[in-house]
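Note that chain A is present in both complexes that follow, paired respectively with chain B and with chain C.
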Partner chain A sequence: MDAVKKSEELPVLQVSGLKTEFPTPRGIVHAVRGIDFTLEKGDILAIVGESGCGKSASLLSIMRLIPHPGRIVEGSIKFEGKELLRFSKAEMRGVRGKDMAMVFQDPMTTLNPAYRVGEQISESLQVHGLLSGFPKRLLRREREKERAKVMELLRQVGIPSPEHRHLEYPYQFSGGMQQRILIAIALACRPKIILADEPTTALDVTVQAQVLDLMQEINEEFGTSIILVTHDLGVAAEFCDKAAVMYAGQIVESGNIEDVLSSPLHPYTQGLLRSIPQIGQRNELIPIEGDVPDLTDLSPGCSFAPRCRDAYSYCNNIEPPLIVLDNGREVRCHLHM
Partner chain B sequence: MTRTQVQIIERILAAIPIMLGVVILAFLFMRMIPGDPVDIMMGEAGGVTHEEMASLRAQFDLDKSLPVQLVLYLGRLFKGDMGYSLQRARPVKEIILEAVPATVELALFSLLFALILGIPLGIASARYQNSIVDRIGMATSFLGISMPGFWLGIIGIIVFSLGLGWLPTSGRITYGMAPKSITGLMTLDALITANTGALKDALRYLALPAVTMGAGVAAVVARVTRSSMLEALKTDYVLFAKAKGVPDRTVTIKHALRNALIPTVTVVGLQVGTLLGGNMIVETIFGWPGLGRIVVDAIFSRDYPLVQAAVMVYALTFVVINLATDIFYTYLNPKMTL
Partner chain C sequence: MSVNAEHVDSLKRRSLGSDTYTLDTPVPGISRRPWSGFRNISGILFKLKNHPGAIVGGFVILAYVICAVFAPYIAPHSPGEVALAKRFVPPVIGSINPLGTDQLGRDILSRIIYGARVSILVGVLTVAISMVIGVGLGLIAGYYQGSFDKIMSRFTDLLLAFPYLIFVIGAMSVLGPGFWNLILALCFKGWVEFYRLSRAEVMSQKASEYVEAARALGRTDGAIMISEILPNIIHSILVLGTLRMGNMIVMESSLSFLGLGVPPSIPAWGSMVSDGRRYMLNAWWVATLPGLALVVLVLAINLVGEGLRDVLDPRLKEN
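After this line comes the complex of A and B, so read on.
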């Protein structure tokens, strides 16, 4: 896609100032604390961070699927310029699975054990009116249409002999195959965005690569934008165009993936990179000292300061602003003022 | 034949030794109770000589040793002869066949009441956890579990029959209203013969005993359904269904309930056994001409053949219900096999 055309188009997703909280008996958990990012058509964005840093909560917020009693407190989520936070429940249902689809971490628990996989694939098509629902779907003509569509999707995600396998139940598939089925379901309505929450974490390394390749193919073939939540920098590096590093509910650094990985600006990103092993190198791994902060009780300053090797004294008291640098890079750190 | 069909046949064959064991146990237990039928009958009649009692014993084979009696009994049973009721002087088979439909009908309606009340209440309580619906529902169900059937039955009679005069106090149907007997279930027969008058009448007689017996079951069903629904609603596949854009109600019923029903089915299976077998008290309170009342009478009069036959029916009921429960599991969770 050429640059001129791209600039004219609205970004598929524009998130700004998004805050999500969960009231608990211990206090309010500030799971997402004002994140901003833009996703252009065809982009693959990695959201990277440790567990509990608000990655999954961010994705669920975008889908407006934050479980009760959690809620989005403020911010804006614009899908192709339309404000999702102002959508009615019914309008939002029309977006879910149709414009924005999700892929979850553990396919074993994400597929419903009680239904055949073909049934689960055609369900989203029925819900969004792309296939006839009950009772019309019982008609022979509709049944054949449904079968053909399910077959096509299973073939697209590389499931061998779909004509038999669409009648099988989830437990009859391996983890990798189950994840392909999830992707087939996500793909069914040709969404503009796929939100993938650690889609390869539960899989073997060899299978991981296959699933990522599949998602890349989908991205190239249909121009689907993808947000990939991962804690694996290797996966992000291989597969994504852009990266946003999250820490304690905030995006602390973002930019093109090469830039972020080759010259990390935020001490947290630097720490993450030091703590992953490199094949063929015998550098000592340096873990990040300390623990992730308690999201119910955050300090007024930078939430990474207590673990930061480079922190000034005021880092603990004054919250760093988001600093915008050249080349689309952003960082939230006093060191780059 | 599919694998499931083979397994069902295996299960049915496996029931034969179970039934045989139950028959032998019932035979032995009855004879462990002091006093035989002749003692009881003649004790009531009075003025009977030892010779007359001996000849009666001989007539019922009671003079023979236990093993011989057992062999004779089993021999007749295999020919389909359940014997003669000592007290009622009628073939046992006839008595049982008359009583079973009454018991089954009452159990079915109790179950229907329990499921119609219990399952939606459980779903609503889980869906709106800690809401007013949940709190009131669970408080009521706690009452339902704690309240003994005989007490609830008597209160029901006092309020709805004696007080308000809405419902009859006892019996199965108004004299002369009974529809032509086809299945023995009054309501079903009335439906088949399109006899709305009889249907209404039968339902009025059923209402109190069915609610009395079903209340406790409804409470248990509501509680079990609630807790398994609470778990199911938290699963990934429910969240995923929502992410697909499936409407909330469909998510609850199609995705969560189907999986949450497994514990409910287990409980219902056990309860159906109790409804069919343990309703002697309710049948007695409401003068319901079912198996429960007959068994109680038969035990007191040491009516060996009748008790033994009734125990057989009970055992068969449990075997069938367990099998039905297991078959239903495989439908709910395709991963399970029999």
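After this line comes the complex of A and C, so read on.
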């Protein structure tokens, strides 16, 4: 009982000072430049930002799946107090899929086209020893057990008539149904955290809402923490408790989602909100001028300064510190010193 | 949103954490089919029905295989039975030597039937061994890339720079004639094409997200290569294997023709053609009939290979 209490007190995931780099012929790409955040049990955190700002790289870093030759340079990733960066490869494999599961962007390519979906769902249970593996799973008793588990998972993610559909191949499912299958795979081992990398980008709007509802229900039902990477502020607003806005590999602003969206502090967040059309208002959209900075060649100062409307002259030279405000808000900007 | 309401319901009814499976409550309409295995074979056979050439080829191959396996029961004479009194008997259907006899009076039909053993065995064994070596190395090289891939690929380029037949002749003259030396010599270069094909296929599959998803699931590299990627590339490997089998058989016959193949005591089509060549003007059947047997078998194998390619290759499916 004591152990249970203890693990509940610790945050599920604590990331601090995480830096990830990719060496390229043009120079080192600083994809993630020292991000910090804490994910409590049952939290839904949105990581928002435009393309190329390091959202996906952050998720992959947390799973330690950064493809070679990219590497995590420094920082710490603590899962329930255990330092993941010190885990061996084998220990890390034990965490992936079991404690932390991923939902990817494009369900069509994420499912293996050569296997029935039922097999793919039971696969992660076999990998982590929750179902018997190859020779033993041919036993009738094990097959029944496997089928029951798969059926239960398919029902949980709202696949109609799972008793037929678990025998079908991925191409026989629609995009939304495929994403549900992926969520079922992610759910199979009942992970503590689900890392969702733009899970709804490939889906149309109504299906998007269904998939998000499903993830919200899973969060409420099982207390699974979710990190949702998205570039859609609407999705983040509707679905998440907390938000972290990323720009050029840094979290520039974070806090409760309502606070961040209703009173954005960082000029980048303000700019993002100004560039979203709102129904019933005829205000002209104001885009953020300029482009994302080159991550191989960053200025010593604030990386947003060249595009910032409110920049002071020193913004280009002096890196803004992370300013902690009340109510758990943090912002990285000279304007709030 | 009815689907949604349904699954909210089901979420409430069932809890994921409970490990109590009620095994005695049957799920209605559940299929008893096993989940994995040779599930595609029947589908492939069904699609092949639109390829009459492949079906005919399949039956021809089947006939050859039966002849090879049951040669002692099917052949009317022993292949080595010399009868100098009956030299160069011309083929007459229905006689005791339906396809005639050669310069030593040996029955040509029996020798062709026995010769199928060498050809088919060489074809199957070399392709199987080459496939295992080539695909194994190709999986590793395509998956990890890096320096292993670079070294292997330059090595295969080197091997490919030699013409196949010249290479095998060289290898055989070093190794000396013999059945296993022949297999060794053919495999020594035969794996290269399987390596290159599977390496390229793995590299294109590796970019797919399902490979990354499998890693995110905690699978090992070996498991990803064998049980995630291999099933997706096995089709093209099988097609290549079938087409290579015809090549290997021709190669074996070429070597036997040159006297570098199996020992002369074992009947082989290539050496039969070579022996009969000298009597071509007087007794055409001695060289022609074994050659014909070879042509028909290789043609049949190629027809099946092409049929398989049409059925298995999704890129050709549309036309």
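We adopt the following convention: the second predicted complex is superposed on the first by the 329 of 337 C-alpha atoms of A that agree within 3 Å, B and C clash if a C-alpha of one lies under 4 Å from a C-alpha of the other, contacts with A are read in each partner's own complex, and residues count from 1 in each chain.
The rule we apply is simple: a contact is a pair of C-beta atoms (placed from the backbone, for glycine too) under 8 Å apart; a residue touches a chain by one contact, two chains touch by 3 or more.
What you see is a predicted model; the values in this text were computed from it and never measured.
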Fit or clash between chain C and chain B when superposed on chain A: clash
Which of chain B and chain C A:Arg155 touches, first, second, both or neither: second
Partner chain(s) touched by A:Leu214 [first = chain B, second = chain C, both, neither]: second
Contacts of A:Met102 with chain B and chain C, given as first, second, both or neither: both
More chain A residues in contact [chain B versus chain C]: C
Which superposed partner A:Arg147 touches (first chain B, second chain C, both, neither): second
Touched partner set for A:Tyr169, first chain B, second chain C, both or neither: first
Those residues of chain A which chain B touches in one complex and chain C touches in the other: 63, 65, 93-98, 101-102, 104, 106, 109-115, 123-124, 127-128, 182, 185
Complex contact set, residues of chain B against chain A: 234-237, 239-247, 255, 258-259, 332-335
Footprint of chain A on chain C - complex, ascending: 1, 3-4, 6-8, 10-11, 14-17, 21-23, 27-31, 33-36, 208-210, 212-220, 223, 228, 231-232
Sites on chain A touched by chain B in the complex: 63, 65, 67, 93-98, 101-102, 104, 106, 109-115, 123-124, 127-128, 169, 171, 182, 185
Residues of chain A that touch chain C when the two form their complex: 63, 65, 92-98, 101-102, 104-106, 109-116, 118-119, 123-124, 127-128, 138, 141, 143-145, 147-149, 151-153, 155-158, 160-161, 163-164, 167, 182, 185, 187, 190, 210, 213-214, 217-218, 221-222
